[in-house]
Every structure is written in structure tokens, then in C-alpha cells.
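For reference, chains read A, B, C and D in written order, and residue numbers begin at 1 within each chain.
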Amino acid sequence: MFLRQYVPMAIAFVMGVVFAVQYYVPHPASEELLTTVNDWLIVVSGFSMVLGLASLMGSHWAKVRRGGPGWGYSLVVFLGILGTLAVGIASKGKMFAGEELTLTALGWVYDNMLVPLQGTVFSLLAFFMASATFRTFRARNLEAGLLLTAAFLVMLGHVPLGEYIWDKVLGFLPPKADQVMGWIMNVPNMAAKRGILLGVGLGMIATSLKIIFGIERAYMGEGG
Amino acid sequence: MRKLAEKILSMDRRAIYLLMASAALLPFLTGPLGLPSRVSPEVKAVYDRIESLPEGSPFLISMDFDPASKPELYPMAEALVRHAFRKNLRVIGMNLWVTGSGMAEKILSDVAEEYGKKYGRDYVYLGWAPGATNVILGLGQDIYKTYPRDYYGNETSGMPVLEGVRTLKDIPFMVDLAAGDPGIETWVVYGKAKSMAGGCTAVIAPGMYAFLNSGQLVGLIGGMRGAAEYEALLKEMGKATVGMDIQSTTHVLILGLILLSNFAFFATRRRR
Amino acid sequence: MSPELLGAWVAAGLTLAIFSFLYKDNPFFKFGEHLYIGISVGYSITLLVFNFMIPKWWTPLFREGRMSLLVPTVLGLLIWTRFFPRFSWLSRWAFAFVVGFGAGIAIPRTISNFIFRQVESTAVPLVSRGQQGVSFGWGDFSNFLIAFGVLSVLTYFFFSVEHKGPIRPLARAGVLFLMVSFGASFGYTVMARVSLLFGRMYDLVEYSSRGYGYATLVLLGLMVAVFLAQALSKKREGG
Amino acid sequence: MTIFLLMWPLLAFGLELPLLSASDLPGDDGKAVLLLWPRMPYEASEVFYVVQGAEGPEGPFEEIARFPSNSHYRTERRAPFWTWRKGKDEHFFVVRTIGGRPLESGREYYFRLGVDLGEGPSFGPAVSAIPKPNWFDFKKLNNLIFMVLLAGVVLWFIGRARKKELFLRRIPGLDAIEEAIGRATEMGRPIYYLTGRLGMSSVSTIAATIILRDIAKRTAGYDAQLKVPHTDPVVMAVCREVVKGAYLEAGRPDAYNEEINFYVTDDQFSYTMAVDGMMVRERPAAVFLMGYYYAESLLLAEVGASVGAIQIAGTDAEHQLPFFVTACDYTLIGEELYAASAYLSKEPALIGTLRAQDVGKAFLTAFLVLGAIASTIGVWAGIEHKIDYFLDILRDFS
């Protein structure tokens, strides 16, 4: 109990208080402390990244071993990892090699596999968005109507063709489409985002305080 | 009429996908539409800030994105690095998103080659390091401790490109190009940049206006449109400018769909 | 086949495999998606080793003998005790170190950047003084709207009192501001998604040229043929 | 003698040189010196002040700065009223480098000030100062006080919430839950509950499991059919416990079924498609989308709306809110999700924190209103500098 519960709580408390107070102390000794500990933590981040990557590999390996439905896809994940790793080691982790900057094997995998795959997965959203807009964007009430109008105006002011249409249809109005969009972004949108930001800021401070005082212990993991 | 409206409302999703694909392919078939985008004050502010820097000033660009936002942020990064090289600034590149390393490296080396810039003297790529918040904090303390070596394994201390630069405070201007978290907010909170601007995907741009208004960001380049505006300012038409055509066609399609669905919706509702 | 040509075929094939999801969830898509996960993890490990483990940890610690790196090494090893359930509680010490530090540095910086800076630029004069004395222009109106908007959104997220009386219209105004900002976000997001689409379309169009051996067209044809054959065989089975 | 000759032109015009004072700049790391000197009657934009510095009393003096004499008044420095007096009666200059070399702490430096009327500067006597590092930056005092006060408020309210129940307003979305479950029972169709795509370490997932408990209690009472498809095995394990507990509490352990919570896949789009497929087939009467979502939000909410379900969403994923707001009947926006979970769970730590944050918000709201009014009056009456005393309280001077 002491080692498992109180020691980590004490560590979090000391670290939290010291580094909150450090901010107010301009003395070089305090800056040196921040620099040193911060450097350590960059190294620690590297170690914790291994933890994340390894647990992902572990879960796919377990699927391959159990051979349940879709285990083949987990094998694909595994082959992808091993293949890229092999290619990466062969290329010493660099995209280009030599004076001529020729593409290495890793560069080839990156350019022709990783970039198109990731790009395409996310570009699917353009299609989903179009269909979702069509099916759900209805001015059912005042709220939805406002949302819709703002979205409409921003989209119109966002593309050259929209500006062109605005000039042709509403050209007699003093503001141009891009100015309308700019005002929406800078005034009502900004105000709402700032309101949210203030709330989020208070929330972040409160959460940090709770970590320091040992009230919030989710970081300890199971049983904490 | 009502039947038609109901039919429209229950249109198969794949029909919309097909419309969308056609709208996206249209500019490839017709050729460029040649419609210009007007330059917004947010983007102009970034351009002016770089213009105002004296020759030889260090300029930091952090490319915190991955291939998923390549079409938006890659042209933006290219345009900014191009502008910096044109002004003979010393470019310091880095990134905080591991899968973006390759792109950041490519942008810097491609544009450097174009302008005949020499590695180590005119520009440096510090590369990726884990622990984004700590990296940003560390740069505010001591760049050489955070990045003792650059991406290629060279020692950073003594590099001519970093002369006179010890911490972020010695860099008069930096731009963060971000696709999410860690990104602009992280730099705003933990960075000690003297003056900073942001470039980001269109998804996160609306949230950044609070920092723009408060002056924590001097300028903001939002999405492909922002990149196209920057290309227009540089008078160098790149991929973002080309991409604005498909933005035009697809946006107008979606606007049309919104109108259509709302007309149909009200047509079916009024009869009820 | 040159690496470039092969690259075009692979890229076009993988792009189409992912796009096939628009027709329906299918093995091509699943293959592509899992390959994506695998490659991105493999790439991350590669970079972790070559850009971090070797230059920033192994070389300074074991070759140059920077003993101060022993501290983070021990912390890192403590984190790795999560791999061994019996000792995994030890990882709490390291996590407490990291999380405590994070909480500590976050507080003052959040106060300064998320609270103070935002408050300062909201509590601004709502009139301006020019050559002709004090006036209330469009800019001042916008400033007023900003202050009112921030205020009403804060009120909406206030949970200690019922939204009754004078608070009710204020909270309601907060919702309306939120809606406009959601709409603006939506309008902006469309651009982001279409940008990605443009990126992929650009490549697909390029790869369908003769120089690349009509890669896109050939692969698209093959994929359609597979789907058709599958649909036909299903029909035959059904009929 | 030489000095007298150099000063001759100034004396001839009846001008005297300002008296320079140098001291360590307070609240820094000991690498800067603050110079102050009074305002002189002959100041104009054509008259320049020249600041020079040296590492020894005999020089050599090097030029540090040169600026019009009607600038660098005390008012121009951004500093709070509790460390710095504003005004136009004195000039200031902060020296950080001499000849490009940064000042070092603990070393004595010499400075002199010259006035240039256009024919080269005339210098007054040199003064010296030793920059020293400080242990507290008083410019950040307001930040520290804010932190201490907020810490006090958080701890106090958590403590109070442990002793007695604090009032929290009911979130309207929670009333909609009752209605949705009632309707599902009437129609005999299932209820879908999704917990988002993050693991148990996320606040929004925790909130989602707390709300699930409440919903499970109601479905147990109504005998409605609940379905919770999962994407994270750990979250599924937790939710099984939660639902089981809820059914016991409702007195219906017989109605509990392990299959209420089931695992689909961890893969984003495959999960989404699978859940969409189930929704199309089973046409649920109510769909709850709580927790954190990514791009799949759009697909899930769209299908739910198209099968005619009552949909209630709750997320702190800001980017997904537009889709939920348009496609769902009710949406818990951002903090409302946490508030709903605090309301339902009655957990003192949650309620206390929420109350503390409310106090913070009330304080900020009041300050904003007063600040805007005060600075408006300031401009109106031309007393902006007086208003600064108030606005400085929540200004950032780092």
C-alpha cells in the first residue's frame, strides 16, 4: 500500500509543486533544474512510446495466435510492421541517401505506401461528409438554422467559385463573400471558441491540481 | 411533388458518393477554372512578418503533421520555406509528428536544392523527437540540449546556421504548421517564441482564431485556401492553387445538396 | 520495372483498395487499412530507433558516458515494468514523475495563455476615440459582440444555478453563439476533407497516364471485375 | 577641462544633462540592468538620447541604443502596477547586451547617457550597476495568486461535496433520456449505447460509463433491450460490471445478459460499418452516442437519424460537435458531458471540481463585464491609464 499508493502520490505532489513554482523563479538555478528534468523526460517519452507500440503489436500477435475471425488482417499488420522495420534498418532510417539524394527503400515505402494509404483513408471522409450533409443538415429549428447559415456562408466565402457566385448574385451588397466569412470566423466564431477555451483552461488547471493533490489518480492504471 | 421530394430525401448514399467523385474529377477534365482567391488579412500578416525580417535572421518552422494532411500542409510548408529562402533567412526545420518526418525532410531538401542553399549553413533539419511538450519546453531552455544532434546525426553546436541561437527567444519569428495535437496550442502554451504564426488544417483553424485575436499568433494560414493565398502572395502557383478548383466544384456541389435537401425536407413537411 | 513505376502501381492499387470502401466494406479495404496500421507502426519504430534511441540515448550514455542519462533510463525501465504484471505497480512511480511534472508546468502556463491572455483581449473598450471624439463604429460593435459572446458561452456552461430568470436568455444566447461557431467549423472542415480528396485524385489521375502504364485504369478495371464476379456468383447461389 | 569643453554647447543653451541611475533589473535571471533618468524640458523627436555601456569605469564605452528623446517613457513598458510605476516623468532602458555580448550576473558594468541635439552626443558621468539573479518574478504575482486561489477553491469544494450534497442544475439532455427509453419500450425496439472510441483513461469514456449505468438502470426497469457495441476490450469489461451492477440495483438481475456488451473490432471504420449495419437491420428506437469520437461520428449519427431513432449525443470532441448537433435530437456539448456524469454519479470529486470551475467562471465573467465597462469609460473619459490598475489584475506579464 505504502509503496504502491503513497510513494507515487508523493512523487506526483513534489514534482507538481516544484515545477509549478519553478515558473515564478527566474534564478538560473531554477532554469537549470527545468532544463535538466525536461531533458530526462524527453528520454522517458521515448521509452513510453515503446510501451504503446509494443502493446499494439501484442494485441495483433494475440489475434494471429488465436486464429479467430479476421486473424489474417492482424497478420497483415504484423507483416507491415516487420517489412517496414527491415526496410528502415537497411536505409538507416533515412528517406534519402548519398549526395544525389536518391530515394532509399524506406523512402519508397513512405512515399508509395504510407502516404497514399493514410491520405486515402482520411479522404473517404469527403464522401461521408457530403452524404451526411445531405441527409442531416436541416433547418429544423433556430439552432440548426443558425448552424446551417453559418456553414453555408463560410463555405461560400471559402472557395473562388463561391466568391464568384456571390459577386454575380449578391454583388450589390457592400461586403464580399470572403469578408463575410472573415467576420464570422473572427467575431461570433472566435467569441464562442474563446468561451470554450476559458472553460477548458479552468478544467485543465483543476485536473492538474487534482493530480498534484492525489485526488485524480487515473495515471496509476488499474487498481489505482 | 411530395413523392419526388421523398425520393430525393431517400437517395442512396452511393449516388451522392458518385456525384462527389464526379465533382472532384471535373476540374481535371475541364482544365483550370482560373478563378483567383482574395488574400485574407490573416495570411497577409504572416507574409508581411517574414518580409520584415532582416536577411540572415533565423527562422524556425515546425512541421507537425502527417501524410493525412499532406495536401493542405505540404504546399503551405513549401511556400513558407520558399519565402524564407528567398529572403535569405536561416531556416531551422523540425517536426513533432513521427510519421511526418519524411515529408518534412523532403520539403526542406527539395526547396533548398531549388534555391541552391547549403545544409548546415543556410538550413538545418533537426528532425523528430519524442515527448512533444518536453521538446517545446526544452527549445525554450536550450536548443543544443534538446537537439544535441540533427536528423542526420551531425552535432548541432557549432553549426553556422544556428549561430547566435541558444533558445527560442533568439529566434525572431517562427511558424508552426499543425494538423492537431501537439500543435499550435502546445506551442502557444509551452513555447517561449518571441513571435509566432500558425498554419493548420482547415479542421482546427476555426479554434485558432481566439489566439489570433489575442495576438498570441501574429497570423494564421488556414487549410488549402490559406496555402493558395500564400502561393498567390509569392506569385508562385503551386499545388494548393491547383487544388482550389476542386474545392470550388465540390463546395458548390455540397452547397447545392444542402439547398436541395432543405427544399425537399420542407416540401414533405408542409403537406403533413 | 523501375522503382518509380512500381511505386505508381502500388500507390494506385492501395488508393483504390481504400476507396473501394465507398462501395462496401470489403477485403481490399481491410487489407489496405491493416497494412496502413502496420506500416505506420513500423515507420514509427524505425524513427524511434534511428532518431532517438541511438543518437539521444545509446550514444551519449554508453559511448560518451553522460551519466546523468541514467536517471531517465531508470524511469524508462520502470515504465517497462508494465510488461510484467507482477512488477507493473513500479511503473506508477515513473508515471507519477511524468504526470506530476506535466501537471506542474501546465498550471501557470495555462493560466497565462488560456485565461489571462484571453481575458485581456476580451475586456477591451467598446467605443473608440478618434479625431472627432468618441464614436461607436463597426469594429466596436464587433468587440461588443465578442465580449457578449464569451460571456454568454461561459454562462451556458455554468452548472451551479438553474437557467432561470435573467440567466436564461444569456445562456440561450450562448447556445446560439456555439451554433454559429459549429457551423463555421463545419464549413471549414469541408475544405479539409476535400483537400485530402484532391491529393488522392491528383495522384490517381497522374497514374492513369501512359507513362505509368495506365496503372489506375487497369487496377480499377480489375477491382470492378472482382466485385462484379462476386455479385454474380452470389446471385447464382441465391437463384 | 576636456569635459567642460564638451559640455560647453549644452551649457551655452542653458541645457543640463539628465541624471542617470542604474540598478539591477528586478525579477530576472540576473542578466539585465535597468537605467532610469528624468524627463528633460528640451525633449523632441529631433533630439536623441544615446545610451553607452562599458565593462570597466574607464571604458571603452560602446553604443547600446539611440532613440528620439520623446520615447522610452515609463508608460511604454508593459509591467504591472505593483512592480512598476507608469508615467511620462521618467525614461527607462533595459540593457541586456553591450557590444553584442550578453551581460553576466555578478559583474559590475558602467553606463552613461548622452544627449544629441544633432551635432553629436554630449555625455554625462558614468554610473554603475551589478546585475543579480532574483528568486521571485513579481510580475507573475497575479498568476501565482490565481493558482493558489483556484487550488483553494478546488480543494474546499471537493471537501464540502464529501460532507453534503452540492446543488447541480439538471442537464436538459438527461430528461430526453427518459423519454427516449420510454419510446423504445413502447415500440419494442432496441436501444443502442456507444461509449466512444477512447480507452478508460479518457475522462469522456469515464463519463460515458457513468451515464451508461443510469441508462441501464432504466432499461432494466422498463424491460427494454439494451445493446452496447464496443471497440476497446478494457472498456467492455468495465461496462459489463457497470451494467450488471445497474440491473442488480434495479432488482432485475434475471434480465441481465452478458451479451448486452459485445466486442466488435478495434478498427475505426470497420467498427463503424458494423454498427451501422446492425442499426439498419434492427432499427433501434433510441441511440446514445456518448464519449469521444473521431470522424466516424458523422457516419454513426447519419445512419441513426435515417432509421428514425431518437438520438442523444454527448461529447467533448469539439470537431465532431457540428455533426452531432445537426443529426441528433439532443447533444451534451463539451463540459455538459462531465456535468451530466457528475450529476448522475454524485461523486464528490466530480461535483466539487465542477463547482470550483463554476466559481472560476463566475469570477472571470464578473471581471470581463467590469473590465469591458471600465475600459469603455476609460476611453470615454480619457483615463485609460487609471483603468489599467484594474485590468492589470488579470494580465499576463511573463
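In this text, contacts are C-beta pairs under 8 Å (C-beta built on N, C-alpha and C of every residue); 3 or more make two chains touch, one makes a residue touch a chain.
Quantities reported herein were computed from a predicted structural model and do not represent experimental measurements.
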Centroid comparison with chain D (C-alpha atoms), farthest chain: B
Chain pair showing more contacts of the two, A-B and C-D: A-B
Whole-Å separation of chain centres (CA-atom averages), chain B against chain D: 24
Distance from chain B to chain A - Cα centre to Cα centre, in angstrom: 15
Computed distance of Cα centres, chain D from chain C, in Å: 20
Centre distance in Å when chain B and chain C are each reduced to the mean of their C-alpha atoms: 13
Set of chain A residues in contact with two or more other chains: 20, 23-24, 31, 39, 41-42, 44, 46, 49, 70, 94, 106, 110-111, 114-115, 118-119, 121-122, 124-127, 129, 131, 133, 135, 137-138, 143-144, 147-148, 151-152, 155, 158-159, 185-186, 189-190, 193-194, 196-200, 202, 205, 207, 209, 219
Residues of chain D touching at least two other chains: 140, 143-144, 147, 269, 318-319, 322-323, 325, 334-335, 361, 364
Touching two or more other chains - residue numbers and ranges from chain B: 17, 20, 24, 68-71, 99, 101-102, 129-130, 137, 203, 206-207, 210, 213, 225, 247, 250-251, 254
For the chain C and chain D complex, residues of the former touching the latter: 21, 25, 29-30, 33-34, 107-108, 111-113, 115-117, 119-120, 122-129, 134, 147, 150-151, 154-155, 157-163, 178-179, 182-183, 185-186, 189
Interface residues, chain A side, partner chain D - complex: 20, 23-29, 31, 59, 70, 121-122, 124-125, 128-129, 131-132, 135-138, 143-144, 147-148, 151, 196, 198-200, 202-203, 205-207, 209-210, 213, 215-216, 218-219
Touching residues on chain D, where the partner in the complex is chain C: 140, 142-144, 146-147, 166-169, 171, 267, 269-270, 273-274, 318-319, 321-323, 325, 333-336, 339, 354-355, 358, 361-362, 364-365, 367-372, 374-376, 378-380, 382, 384, 391, 394-396, 398
Contact footprint of chain C on chain A as seen in their complex: 3-4, 7-9, 11-24, 36-37, 39-44, 46-51, 53-54, 56-57, 70, 73-74, 76-85, 88-89, 92-94, 103, 106, 108-127, 129, 133, 142-144, 146-155, 158-159, 181, 183-202, 204-205, 207-209, 211-212, 219-221, 224
Chain A partner contacts - residues on chain B that touch it in the complex: 9, 11, 13, 16-17, 19-21, 24, 33, 35-38, 40-42, 66-71, 99, 101-103, 105-106, 109, 113, 129-131, 134-135, 137-138, 141-142, 145-146, 152, 206-207, 209-210, 212-213, 225, 244, 247-255, 257-258, 260-262, 265
